[in-house]
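In what comes next, chain A is part of two complexes: it sits with chain B in the first one and with chain C in the second one.
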Partner chain A sequence: MLLKQNNEYIHSIQNYVQAFEKNSFRHIASNDFLKWPDPLEETWRLSRLGKLTRKKIEPIYSDFKKNIHIKAKIKNAICLSFVDGAYREDLSDELPVGISLHQLSEKECLSFLSKIKKTNLANHPSANSSLSCTPSIIKINVDPYFSPNRLIEIIYSGGMDNKSVHPVLYIELKKSSNLSIVERFNHSGTLIMPLQLIEIGELASLKSVKIFDDNKTTYNLSAHSVILSDKSNYNSFSLIKGSEFTRSETHAEFKGEHATMNLNGVYISGGDQHHDLTTAIYHDFPNCTSKQIVRGVLGGKSTGVFQGKVRVAPGAQKTDGQQMSKAILISDKASANAKPELEIYADDVVCAHGATVGELDDDQLFYLNSRGISMDKAREILIIAFLEDIITQSVDGSLRDFIFNEAKIGLLSILE
Partner chain B sequence: MSLLEIKKAHLKLDNKQILKGISLSVNAGEVHAIMGPNGSGKSTMSYMLAGRNGYELESGDVLLNGESLIGMAADERARSGLFLAFQYPVELPGVGGIAFLREAVNSRRKHLGEKELDHLAFVKEVRKVAGEMFVKDEMLKRSVNVGFSGGEKKRFEILQMAMLKPTVSILDETDSGLDVDALKTVSDGVNSQRSDSNAIIVITHYQRLLDYIVPDYVHILSDGIIIKSGGPELAREVEKNGYAGIINAS
Partner chain C sequence: MVATTETIEHVKEVSGTYKYGFITDLESEKAPLGLSEDIVRFISKKKKEPEWMLEWRLKAYKKWLSMKEPDWAMVNYPKIDFQSIYFYSAPKSKPKLNSLDEVDPELLKTYEKLGIPIKEQEMLAGVAVDYVFDSVSVATTFRDKLAKEGIIFCPISDAIHSHPDLVKKYIGSVIPVDDNYYAALNSAVFTDGSFVYIPKGVKCPMELSTYFRINEQNSGQFERTLIIVEDDSYVSYLEGCTAPQRDENQLHAAVVELIAMDNAQIKYSTVQNWYPGDENGKGGIYNFVTKRGNCLGNSSKISWTQVETGSAITWKYPSCILRGDNSVGEFYSVAIANNAQQADTGTKMIHIGKGTKSTIISKGISAGKAQNTYRGQVQIQKSAKGARNFTQCDSLLIGDKCGAHTIPYINQHNPTARVEHEATTSKISEDQLFYCLQRGLDTEQATSLIVNGFCKEVMKELPMEFAVEAQKLIGISLEGSVG
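And now, the complex of A and B:
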């Protein structure tokens, strides 16, 4: 049954932009948001927004004075805070020399918009609504050759019932710089639509961890675009656990040679949760490597989706693209969908993918049981081992324990 | 009263009759050997005793310490003192040896009303027992059974037995794949655990192991039923005449 989609939300965005100049970037973006994605559209087929579109939602007017207690979780990190989608300097730490943060001017916003429009996020609902309704577009710039010795922790909090929230972030790593970021989505309203553009310069390297842990009734529709230059590196790990519905969509493009990327993720889903990790990797240049490991654990009546497209353009020889996804169902009412999609137009490439959805291994469970370990504990041990493996591969140093602990908390909540 | 009593055990797998009326009574302090050709039902019997799903009895009964095991899950049986050393120990990638042993030992201790061991006390105990079993420290740090050689897997099984102090242990072909030195280490490990208060069932295809772990009784299993029982001399008869001789004679 296809209920007719409600486009009231789209009207509310058009109303929102009326307060701004006619030729503002916001108007251009809002003009491109004509309707929610069609449930029959290929990339949205497995993650339907019907329930969301029938809610009465309006973009939030950020209250820059809203007092909120922000708790950084990572020791020694530089904490940056977004509340209701707005960057809050008063709730953020100072950045070291070498990293700057500023709000884009109208002119810069227009050029940001045109960059987004050149990516595959051009028609993403979060791209258009967040460009229309964001309090401001924030840019973080890392100077050439700069490598901070602390990582940055970005916390997205706030939100209200029946409001949508629109943080927009633009991160640029200049030549030979390094940065490590942990983003924590801790939103408590109805809808958050984060939009992000990341440009990694020549020889630069970004380590990015995202923890999606929004409120039980939140929809999180994240849209990320990543552009890699020559010899750059992007190492990304996402942990999706909270919210009612999270879709994290990432489009990563190689725009130079000898660049490498890891795009790993874990989702831990229970109850009625729906978690979707959608990625597309575009090998447009030769000699680049992309590795992707995705794991899911699903309990209750939850549903999980992994859609992973890898496209190797003609001429992108010596591409190495590996993708592995595995989901474990721990309840018979849970379900997982894995949709790998390989489009290879070059001949001298190594590409492999594998996707499995299954249950815990009977032999392993019995072995643990035969040592006196209860079935519940045995499941827990095996799932933790399943996740520990990928976390160890994806995250290093002191962050590893933190992420592992976050995953464990998520896991215990779905095992209850 | 016997520690373990199997009464006319019948069991089907995939609609095929595998166990066809096994009866066996094992008293405290005894070591019983069960010998039989491949496919005679030895592993099936051990899974049945350990309580593996799908290996429920069709008819008959099994009593541990006089209490029926029917309807009792594998983990509960283990906590009550039953132990199975697997013919093919299962690999657990990502599950560390020490953590695994600790979970197992504490489950058993809790059941016995003993205090759970804290990490340090536990590691000390494991190190001691592992040393006796020639299990290297480095092995305990790895994932359970992952990348272990055949001999290491079997030694790790016996290490678990030593840590869990079961009342009835079933060792399923613990000798398979072992060279003479490993066989000796494993057997020493088992022998050191023989006591008046426990019992051991040694399942083997070959007589060789029984030179090291000398049984009180030997039973020949053929096609799902015990066809002959006797003392250690029966094992030597198998060695001399093969199973065929005994099976044909019965």
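And now, the complex of A and C:
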């Protein structure tokens, strides 16, 4: 039974690509999507897709021009809207000169495909299925030396029951440019499989915030690949709170020296939710720095997973890789899994990771309680403090309040 | 130089052909090459085992056939051809030995070369040594003294005959025959090992020790150790390994099971310096070991301490199942990998009982082209209220061609438990090295000193005699890795 329906989804994708030429990028991508990840496969052991693969799902291939509109939430942001995985110009704001957006041509799609195949996302189910049936691959390009004074807000919405959607985005920052983006996942269908490739040029800097806040029954399998050049900077923060099942997988590669990266994240899980933050940082060049802080709050019967790998290649001397993950369990049915991983092949490096899982500190609770604050309120205060710390570190000024507020809403919903 | 006619008969019975020769001066008995149900029967028959033991072995063999060799460890080696290994080899059987003088002088010489004078060992701080030379115990000392306390310390092959009820009850109770590929293999073909039983309320008066050796070319050595400690008792067990140089890779797949009842304590220490192969990794021992302790009783404690410097490939995860309330598990490890050595080692702490505690201290040192991986799991079950774990694993890299990897797994299902993990990776700092050199030490001495300091937390857990040997070993293992 399991196998049969499993294949149905994959077969429907393979039938769809039959309409395209044998050497089209869709066709080639679909050749590598023959099965769902094996539940025993090391990186999928803690996040099993069994329930999803038993569902009868079909992809949404093209743009239905559905008339929905999720409003931009961030003041003064340039809003770009994706509905059912398709870019909707009619719902998006105009981009300033210096940033361009276009659909990749078949030829460009092929080169995009070969880029993805060179990353560690090559076998990710989202990479192969999304490339097979995305409505179109959208590229955002930032010109050299350009720094927009407004941030870009990207909204993913739409979706239907028993349908999957496949937005594919390619962001390129040219030399010495700057960009700040906020992505909001507000999907309401069964499955969303976003695929993203980000290339950050020399001396360029990208600030990226992702808010995963999909519908309560949605599966979100995000796959991101980030490539950093010399002296570039990538500053990323993810907040995972919605959905039934979210796995955000990011592979970041240093392809130049003296680049820096922050890859922080928070997950707030309650009910039957399953949240998985999987990251891999590849230090292939010397003198790069990566820092990672992950916090999780788990209530209800939820499960949280953090898998973070730091790989230092031979010769990548003077690497500094730091990783810290903390999870707090606030219910006795919740569980937390952590697998921080160091793989080091160079000797002149400083790498460390730390991981803790536990409950709120009794002494701190008592301190607040003895000052007349109810236990519930004390708990709330401590958890908010636990998250505030990392949000303050990860997000800049005006955006900070917005993110903090989003986190608080998530938190209150699991504390009830 | 001729095997006994009895053996020839056995071999002929089993294989029809007689295809083994002798290499060392020691005469030995071997089963034919390879592994089959007949070999399992042969080993069991050779050991004159009761029917239930044979059935147990055959069950394990059938499980083994259906299992796949694990490939998740970060080690690379050519596929093992199980059909080109001798699964049984024993020094030629001699009539019962009454004293050490009756031991083959060749054998004693080998020990001396390895720097373990038996006579000295015998006297040294009351260590009872149960020598295992190629799978079969040939000399046991201090047995009488232990017997007075009601302690049983004997080869497991003897225990199967003398204490079948105990063996039957506990063998495979911690590590089931189908636990993993190598444990199943061991269960099917194990030849010998130690059996320890400490009765209620007895503190074992001396440290029990077994020296394992591998001497026979191409003979896989499959020890089986079973230690049972009853309520309120204590034992400290030492295990040390050395092996002479060999060209072909030798397979070693041991199983060690520990059982601790209420308030019982087991301290298990290992110093392992098997032949790691030459600079290119040629030769050397494959060490695929399953070690697990079950803290069955409340407030029981199992402590693993290991210093790993040998083996071409090490695949070893001494673990604790903390079943009894307030039981304690400890794991202290130093793993040194030099040249082409590969080590994937660590521990598992499974917290089941309330208030269980575990500590993991792991120090990994990589030099040359070696790959050293720490892989550990801390699992807190729903029932483990108030459990506590602290893990620290540090890696030290010497040279830019080696690798150090840390892969911890934390699975927590109880909010009242607290799990902490920290890991660091670094190299020997220039400042430390400079400081030592400036005071007249050469680079090698300085490295040995610094590495010993790095390992201190683990070394201090070792029993006295071992600590001295282990410290020297660290220096020797790192020879040629600097400068």
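Here are a few things to note about the model shown:
Operating definition for what follows: the second predicted complex is superposed on the first by the 407 of 416 C-alpha atoms of A that agree within 3 Å, B and C clash if a C-alpha of one lies under 4 Å from a C-alpha of the other, contacts with A are read in each partner's own complex, and residues count from 1 in each chain.
One rule holds in what follows: contacts are C-beta pairs under 8 Å (C-beta built on N, C-alpha and C of every residue); 3 or more make two chains touch, one makes a residue touch a chain.
Just so it is clear, the structure is predicted and the values come from calculations on it, not from any experiment.
Legend: residue contacts after superposition of the two complexes on their common chain; A:Ile330 is shown touching chain C, with no touch to chain B.
Of the two partners chain B and chain C, more chain A residues are in touch with C.
In the overlay built on the shared chain, the residue A:Gly358 is in contact with chain C alone; chain B does not reach it.
Contacts of A:Glu94 after superposition on the shared chain: neither chain B nor chain C is touched. Within the complex formed with chain B, the residues of chain A that make contact are 362-364, 366-375, 377-378, 381-382, 384-386, 388-389.
Those residues of chain B whose C-beta lies close enough to touch chain A in the complex are 50-53, 73-75, 78-79, 83-84, 86, 89-95, 100, 103-104, 107-108, 111, 143, 160, 164. Of all residues in chain A, only 42, 314-315, 317, 327, 329-332, 334-359 touch chain C in the complex they form.
Those residues of chain C lying in contact with chain A across their complex are 72, 380, 382, 395, 397-427.
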